[in-house]
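Take a look at the structures below.
Across the two complexes that follow, subunit A remains constant while its partner is subunit B and subsequently subunit C.
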Partner chain A sequence: MKMGTTRITTIQMVALLSSALIAVGIFTLPRDLAMKVGTPDLWICVILGGICGYLSSLIIVSLSLRFERLTFFEFNKLIIGKWLGTILSICFIGYALLIGAFEIRSMGELTQFYLLEETPISVILITMYWVAIYLLIGGINPIARLIELLNPICILIFILVFCLGFKVFELDNLRPLFGLGAGPILKGMTPTFLTFSGLEFLLVFIAMMQKPKDAKKVALIGLGIPVFIYLLAVVIITGGLSVERMKHQKWPTFALIQEYEYEGILFERFDSLFLVVWLIQMFTTYVVCQYVAAKGISQLTRISYKKANYVLLAAVYIICLIPQDLNQLEKMGTIIGWTSFAFSFFIPSILLIIAVIRRLKHEAEPQNGP
Partner chain B sequence: MKQNRKMVRNFCLCIVSLLCVSGCWDSSDIEDMSFVIGFGIDSSENDQTPIKHTTQIASTKKKGEQGVMPQGKLYQDLTLEGKSIQDILRSISLQLPYPVYTDHLETIIINSETASKYDLSILLDQILRDNVTRLSPLVVLSKQQASDILDTNIEGEIPSSYLSSIFENKTTTLKIAPSVRVGEVSANLSSQASFMLPNVVKQQNVIKVDGAGVIKGKQKKFVGFLTDKEVEGVNWLSEEGKAGLLEFHDEEDNTIVYEVQHYKTKIKPRFKKGRLSFYVQIKAEGWITEDWSRSAHNLAERYVQHLEHLAAKEVERLMKGTMKKLQRDYEADVVGFSESFRIHYPRDFEKMKKDWDDYFADADLNYDVCIKIINTGDVVK
Partner chain C sequence: MGEILQFLGRTDVWLGTIVVVLIPIGLTLLTDKVKKLREKQHTRIEQQFIPENHVLSAKLSVNVNQLKAIVGDSSDIIFRQFKLGMDNRSCSIVHIDGLVDQQQLQQSILHSLMHAKQMKSGLNPFKSESIKDYLLHHVLEVSDVTVIKDMKKIVRQLLSGSVLLFVDGLDEVVVLSVKKWLSRNLDEPITEALVRGPRMSFIENLRDNTAMLRRMTTDANLTFADFEIGKRTSRQLTVAYVKDIANEELLNNVKERIENLDIDHAAESGYIEQLIEDDYMSIFPQVQATERPDRVMGAILEGRIAILLDGTSYALLVPATFSMMLQSPEDYYERWIPMSLIRLLRYVAAFLSIFLPSFYIAFVSFHQGLIPTDLALAIAGTRVGVPFPTIIEALLMEVSIELLREAGLRLPRPVGQTVGLVGALIIGEAAVQAGLVSPIMVIVVAATAIASFVSPHYGAGIAQRALRFLAMFSAAFLGLYGISLFFLSLCVHAVKLRSFGVPYVTPGTLYSKDDWKDFFLRMPLFTMRKRPAEYFPKDQVRRKKY
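What follows is the complex of A and B.
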């Protein structure tokens, strides 16, 4: 492979990170928050969750920067030895597959519920897989380029669709602030933090950046965009539906979009538009997950990246059909959330501490060519 | 040889790719679909089939010749009886060849007697669960049979979409009850809050919005009606209206009409030692658009002040009448006082929200109405 084709620019990295973070949470977070918090203060949780996410991403960044040009799969061996490192890597691969499978399954469920009622779910899933594998075979560069292209459009449409919800917005639904004190807000911290799972992929991607020094900036902007989108969603859904209603709606986001209709502008209803954009986001999240897993396998074993992709495709398909119904799928989401907490905060901090104590550092050899 | 094999390969590829070119095999023409515009829910006398459900379908089939306005009705009503709404909807397939689509539903009419017999969340359950039906259709009540209302023959109109457009008139009158979407109904039902649904009546060939019905939060059932005057009071209290008229009389019983341009209502709750009271503060601005009194001096400041005072009194009278009915007869808070209380006393509200209507019924009220006349019209008498 030519030099330069495996590197991604800073902007691509921002798009990649924010795409990986905007996923099924758009649909599930509002209800999770409403159930846990129960007061209109739930939007504060999103901000706090974002701040926590940024702090843990700082740990990840400083860890990755210690080992220039090495991915998580390579440098964990340097820190905690070959055996433990391999086990950790395998866990990380499994975790990435789990997220990928979860996202693609949720996507399938929602598509079936709202759009393609009579299509078997496996057909929806398999078409997605085919498109994904075509993209994945090309390596990181096409993925990054595609996401760079799609991400801004998706974000614009998200903002548009949510802002149109102002038609049914009532400020009173968001009042009072801190009505029942700060207690409920803390309860809401877990679902929000879990929504921002995907941060840990930075452990792999920083090694591929053209300018790894920008990694902190990437973490800030790449996290800031999803936080803003989630914040907007939660604020407008709370204002439009009221907390009480969010608890009883399976997918409050969709309920909000279904509640308003506009006459005279290009579209009267926005559900399909929103779903299309959301599908793109789910797709990119899945692609990123699978890329991480395949990359991990190719770095751990002798299996080539391409072959690993095909093998993983089967694995993801099997994993994603494990949950029998929506409740089990939701449980799977919670498990993922906690694993994410381990991988985005717990493990990086331990690794960082060990690396600092042992004064481990790795410097890349000077690059040849452009 | 090599070329031959290549040709065979290409040929096979072409055949296989034909599978993907399925085109519009799954298409259905818009004429062959039945778009449901309105639902009507009544109860029937038969115990075996307690629900009488009317489905109003827009006629997409052209009747008569092309270019000529279609003769007759623009809609088709199907009234069926059954045990569940979903079953009734599916029974339509027994008599109508075209599949039924509910995603363009505009109005749901519920017979008030049915609404007092059944829990409203049961009646609307199918609509809320369904994945195609949106949450934007309006819900209205009616004293008459919903099937009768849906069968009002208005020239060139479909009754249910006609009805839903009437509610756009809330800028011209305060006597119209604010429209309520299914989504809002479900929100109120799930939080056990009382609310108000507009009432519609059919008089010969006219559909009319007339007052409103009160749904009590705890039972989720219909308890009684409010007249259009009382709805006017509710609009003043809840700030739900946009603008409209206020008719009042001077000492000699001359009618004066004040047109409200915009108004603001502030509810200040007070909760001390278990005693609940509300301070209602209203500020309105508007014009005098009709004055029957002969002694009117439109420009005299004193006269305008006098009118302002009279108008304020009238608003207070309206609100008091409404509150009396709501507190004594129905014990139902449909004016949204619970919202302002929740905002001011969140902790107390957590404990009280279960029996909110009882607290509401015992609450004291103080009014402060300030009416401003900013224009007296184009006439100088």
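What follows is the complex of A and C.
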């Protein structure tokens, strides 16, 4: 009788996906939306973005399910040949690294701004990387367990902190609905879709699931949780701050949390609690990104997974220092967003079409353990 | 292009990269090497504790002299020569004074041998076969009798308290077990005190301990498997499990580890614990030690495995997980609502005892802005005149409390109270009045100390004390961010740790969401219809009906 499994369970996968999606967007999305849309209809964008995300995740899932037990790095060679496939894989690895570096750098900037003004940012970054590498060398199972352990707590605290914002909520700030028609909403679609970058990691993780059949359910719930959190955030921030103020705040989320105070209980303000939980979320997102990249390298080359992690650690550290200031960091975010669009929608669709036309399929022989 | 070159030429980038990569690599290599140390094979010469190979002969005097040569002439070994009742055959009884029940020796052995009646016809008294049968069937009034030929085994039996009977003309030895030695009475468990439940704890005698377990059930599946531990002292070790519940893979794993351990002398089950645990570099106990038979019984009925060692009152339970360190069998003896709350309280206490001083340090020295203004002002007010930074202040108080705790533990009871009194006075009053520490710091330290006493498991309590200091240092370096990182690395360590194949954070991560019923809360008993899935028991259902 076996003691447990070495694959990822369905619940772990849901936690993994949702924590990969909840990331720096919590801080940047409200302002980006306010800048682009300019009317209080921001929240409709989030819902529409979520629906689009679900559609593209369906493409990803059906592509992955055609090739049982194969990750993106392995099956793209089967579809478009060795050379093109390798190039695609390298791009994917680079993209994963870019996201990881971006998340950690944003985390560092925010931590420096709110918590440790006098500490050099490199110290903040390096300590975080050390904790991450300690987790990463353990492989996918500890990662999945950690995320499964922390994700529910984080989500609960997010919901709690945002709901406490109802104290300053004013419904008038959300009106009028469709004040300028549907035009602005469409403009807001780009930043929303960019926030949901991370869906494409399903291309790798579905191969490691215990029951790949559940992948569609995973995509639905794993996407639903972040959409709900973002929706809650956007609605409450709009209601609490109004669109005009959102445009002028650097980080509207934080402005909202600092807006309300509950006197007489132990914490009057919740910014510290929120920051800690958000730090943990950023950490998990980064770990997922680097895992994907390291897994890719170990499948493409003969470098072992552990060694790949150390090499990538250096790469990620250098990448995350490239942006000189917050503006450049924002630009980096935009680049990531567009690449994400390519990897979560464009490339999977093309691959799926080719696979269907060429009737490519791969069936795994029954076996245990990855 | 020039910008890129300039960027790559920056020394801080390169230095940072080197630091960020090389230190983890170095640490990994180091830990790998340290972990290998335990697996290192030493070839050692097979130890012989009994000099040569002795062969028993048919002559009594030869045999007795051989035995004397092996065991030497210790004063506690008694050789008694006498004649067999009916035919004047020479016999000799050898035993160790103090390990044998004297009364039984006199009545059922010596008396019956010396007064043996004339044997019936048909048995030839001069053939060794028949004299052996005669003695076994008609004379000896002892139930546990064996006949052994091997000299090594004979010596071991003698030294563990059996009585040897040498008979002239017999090249074998009759071993009679009438052991009796000093053992204490059943007592209340000292380290795991309880309010409600059976007031007994294991004692130092293995047989009594297994008997205690046996008395709790008449289930034929309760199995005791014996091992001999310690190359020189060879103590008895018993693995207890329920045959049709315990997972086979787990059981084999445990047995294999016990067979592989190589030790001269196991003084306490702590030796076994440290030799069979998964990661000896971890700060968490991966084996649960307990004095309470009811806890052991509960555990083996869940599919876990108990290890009992002769000579200690502590039994070991494997596998162990983090949540177990905060549970007590009493949780199930009282009603579920109060016990659930108490269990929640234990989790809060564990968290506080690790993190409370570090939060104080972080908020006071880094983020005064994040605490309520009045509180910040109050703290600042009391800290006026304190000459040290918070970390030194906190360390001062924490170290003195640890000193007090250790001192109180070792001293004789009447003196111990004095230590408590002096400590309270010095730590509480004097330190504040001398302006060394602030009063709020005293409150923080006291609350932490009380929280750390809540832990129902001593091993987990010590781990918490060590972790508290690490948390304080990380708070002193990086404030709240440092605490978050410390918490994360603690979590990372816990998720990487396994105890006999079971992840240490089970059931925090769900193999089965059913196990949450017995995690933070203790749900009513009727909901626990199945055994915890985390140990993958063979028989999953506890009862059929609701």
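Note that the second predicted complex is superposed on the first by the 360 of 370 C-alpha atoms of A that agree within 3 Å, B and C clash if a C-alpha of one lies under 4 Å from a C-alpha of the other, contacts with A are read in each partner's own complex, and residues count from 1 in each chain.
Quick note on the criterion: a residue touches a chain if its C-beta (ideal position, glycine included) is under 8 Å from a C-beta of that chain, and two chains touch if they have at least 3 such contacts.
Note that the structure is predicted; figures quoted are calculated from it, not measured.
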| item | value |
| --- | --- |
| Partner chain(s) touched by A:Leu84 [first = subunit B, second = subunit C, both, neither] | neither |
| First, second, both or neither for A:Ile353, with subunit B first and subunit C second | neither |
| Contacts of A:His248 with subunit B and subunit C, given as first, second, both or neither | first |
| Which of subunit B and subunit C A:Glu259 touches, first, second, both or neither | first |
| First, second, both or neither for A:Thr39, with subunit B first and subunit C second | first |
| Which of subunit B and subunit C A:Leu156 touches, first, second, both or neither | neither |
| Partner chain in contact with A:Arg175 - subunit B first, subunit C second, else both or neither | first |
| Partner chain in contact with A:Arg145 - subunit B first, subunit C second, else both or neither | second |
| Larger contact residue set on subunit A - subunit B or subunit C | C |
| Shared subunit A contacts, counted only where both subunit B and subunit C touch the same residue | 269 |
| Touching residues (chain side subunit A, partner subunit C) in the complex | 1-4, 9, 11-12, 111, 115-116, 119, 122-131, 133-135, 137-138, 142, 144-146, 148-150, 263, 267-269, 271-272, 275-276, 279-280, 283, 310, 313-314, 317-318, 321-322 |
| Touch list for subunit B against partner subunit A, complex | 131, 134-136, 181, 183, 186-187, 190-191, 339-340, 342-344, 346-347, 350 |
| Interfacial residue positions of subunit C with respect to subunit A in the complex | 7, 12-13, 16-17, 19-21, 23-25, 28, 247-250, 366-367, 370, 372, 478-485, 488-489, 491-493, 495-496, 501-503, 505, 508-511, 513, 536, 538 |
| Partner subunit B, residues of subunit A touching it in the complex | 39, 113-114, 117, 172, 175-176, 179-180, 241-242, 244-245, 247-248, 255, 258-261, 269 |
